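Which chain is which? They are A, B, C, D, E, F, G, H, I, J, K and L, in the order written, and residues in each are numbered from 1.
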């Protein structure tokens, strides 16, 4: 990448879900998005939420994030 | 859907327009999005706006919303 | 376009980059988005940022914007 | 209206109240504003609130909105 | 109520769900909250969301709101 | 005022300035607005700012607020 | 209180009303909340609003705040 | 202007439109507002948006801004 | 849970504290809230903050979150 | 100061604490900042919070504000 | 710069003023900040405001921005 | 620290980067800030973002936070 050269990026909003933790939920979403979109450059976390199981434990983390990639 | 299993959702921003009311504008957008995207799971209203006719009546409702669906 | 008729728009988030200025960065993103999406109707600026070169000059403008088009 | 021609709009913040529903409260405000301001072009809902009666029913809807018109 | 007299209100956040529409979802939450809290005075809508059924129709409206009542 | 009856309010944004304190700045704006607008019903503080004198003391308080009145 | 030890706080949203000023309205809400909740630790102001009397004077201050206390 | 002296300002929300650029759209709104309101002191940009022509070029810039003037 | 059936949820704001990490602070708050409230369904993170010890290490994480449960 | 001349200001975020009231907390922060920074021009309040004593009285006000000064 | 390597950046809030336009006001602030801080990497625009002259023309642009640089 | 005594804190915005996780990125920034600023008291996370490597894995976490310390 060369700074100053005209170029365009696109941002897409995804939600990754994992019972392993916040980082794992982010990676889940990035891995899935990478396979259907083009090569991803960066992510921005928008919201962190989750499900609570009947036992009062965190059942899963749901992380809303935006992923960005260059439009060629 | 089973909680705790790794999965990924995508959110898309659409605007539904209808002269019938707010709920009809939401349904308009969901119906159109459903036909070009995959099966939708939920929606989130972002903004409610509208056009005003020459007679000072609400001409149409424009509802900005996000719709979400699972990325398989 | 006729007001009051049911219709649906979609908004997509893009980032335009240019070393010419803010308007040029917006045009960069619109031009690129127009070629891969359908005919665009309007844009909304979300954020204005940029890179600073080693000489302390603005190296490039990065304008985050949403572009909207009708879903036919 | 011709796009590209220099022109100016003004936005005014009003609150419409009705016991009929959200759409009726919006129309209430637009009708009253139309009679004291110039011809209105569009509205943007800012907030939806309301009064609750002694019987635990919604007593009225109070919708805060902005209405816009061209400054000639 | 007399203006100017010292008094205190409490706000509680609830979510009303209904398949009838936005106003019905608000009334659902107010009715349930009224039965477990003290007499409610007003409500403020925070968010409007909903579930989408398999048929691409709005399955239900979920309205997040705050209800307020006087602490005696 | 009777709840449930259709009616409309207007909100106007003003800034009151005073070297006496925050409450005095609010009263300054309300007093001036009352004389040029119709009878005011309530106010909402938006921002509190101020000038700092050469001696490092608060020179004046500038309180941005909205005042509301009924459109008859 | 010892930093680092696992513990949990709860925040409750209240509105204090007083014709004496902003600080008095905050104290009004804290005093009333303290008598029905557990020992309070801190407060956070959310909004400052008020009623305007027929004479164009501030009739009362309404301060929306959150109060927090430890859940034992 | 003397700091510390009680005074009141009013803010009005306007939208300037121009096909020349962002600064021109701001000037368009200020010029029109100046002719119908009193002498303006400052402006604050709220939003930058625009129309996109059939040729994929920016058709016009629409800049939402607030202008402020002293209430004498 | 059956979608479409009228029901009501309540959200409560809590702060979980732990020196183990962000996930542990969330679990701390959920575990404590679960024991004094009804069965919890989900959580939403509002803020992540923390204390810094004299040695320049993170002393504890303080996570502000909302927990939600159905009002039966 | 002459309007139109190129110049640069810097904003710094500080928190003033006082048991006297909100204005006193602002002055506390400005006085301390003035002694370590250059001559301050204005302030902007960001947040108002405080500690509550064991007796249920406001123990102190904590006002988060930004102070600005010219970079010469 | 190598991605993945531990490093720390600092952001500083500045306001650039110029009668030439928005880009010139940004460059004004960056140039002045560069001379008193370390080498700057990027900027983020926070707010665009300005002064209006007696002739109803934009007297100057005031752009609030954050500049970031690496803490070595 | 004694509550009620006049004192002043300063907040500084930093960005910590680490490939280990979110907590590690926070600690990275605190450790570096501690060495150039005075003794830090607390931190507040503002944003969580990151770089994505060519392999579709999270390359690094970038956590924007504010750190606060007492101005003596």
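Observations on the model:
As a working rule, a contact is a pair of C-beta atoms (placed from the backbone, for glycine too) under 8 Å apart; a residue touches a chain by one contact, two chains touch by 3 or more.
Quantities reported herein were computed from a predicted structural model and do not represent experimental measurements.
Between subunit H and subunit I, the least number of touching-chain steps is 3. The chain with its C-alpha centre at the largest distance from the centre of subunit G is C. Between subunit B and subunit G the centroid-to-centroid distance comes to 38 Å (mean Cα coordinates, whole Å).
Across the assembly, subunit K contributes residues 12-13, 22, 51 that each touch 2 or more other chains.
Applying the touch criterion to all chain pairs gives A-B, A-C, A-I, A-L, B-C, B-D, B-E, C-H, C-K, D-E, D-F, D-H, E-G, E-I, F-G, F-H, F-J, G-I, G-J, H-K, I-L, J-K, J-L, K-L.
Of all residues in subunit H, only 12-19, 24, 28-29, 32-33, 36, 51, 53, 59-60, 64 touch subunit D in the complex they form.
Contacts from subunit J toward subunit K in the complex involve residues 3-13, 66, 68, 71. Considering their complex, residues 21-22, 47-52, 54, 56-58, 61 of subunit G touch subunit F. For subunit D in complex with subunit B, the touching residues are 22-23, 26-27, 30-31, 34-35, 39-45, 67.
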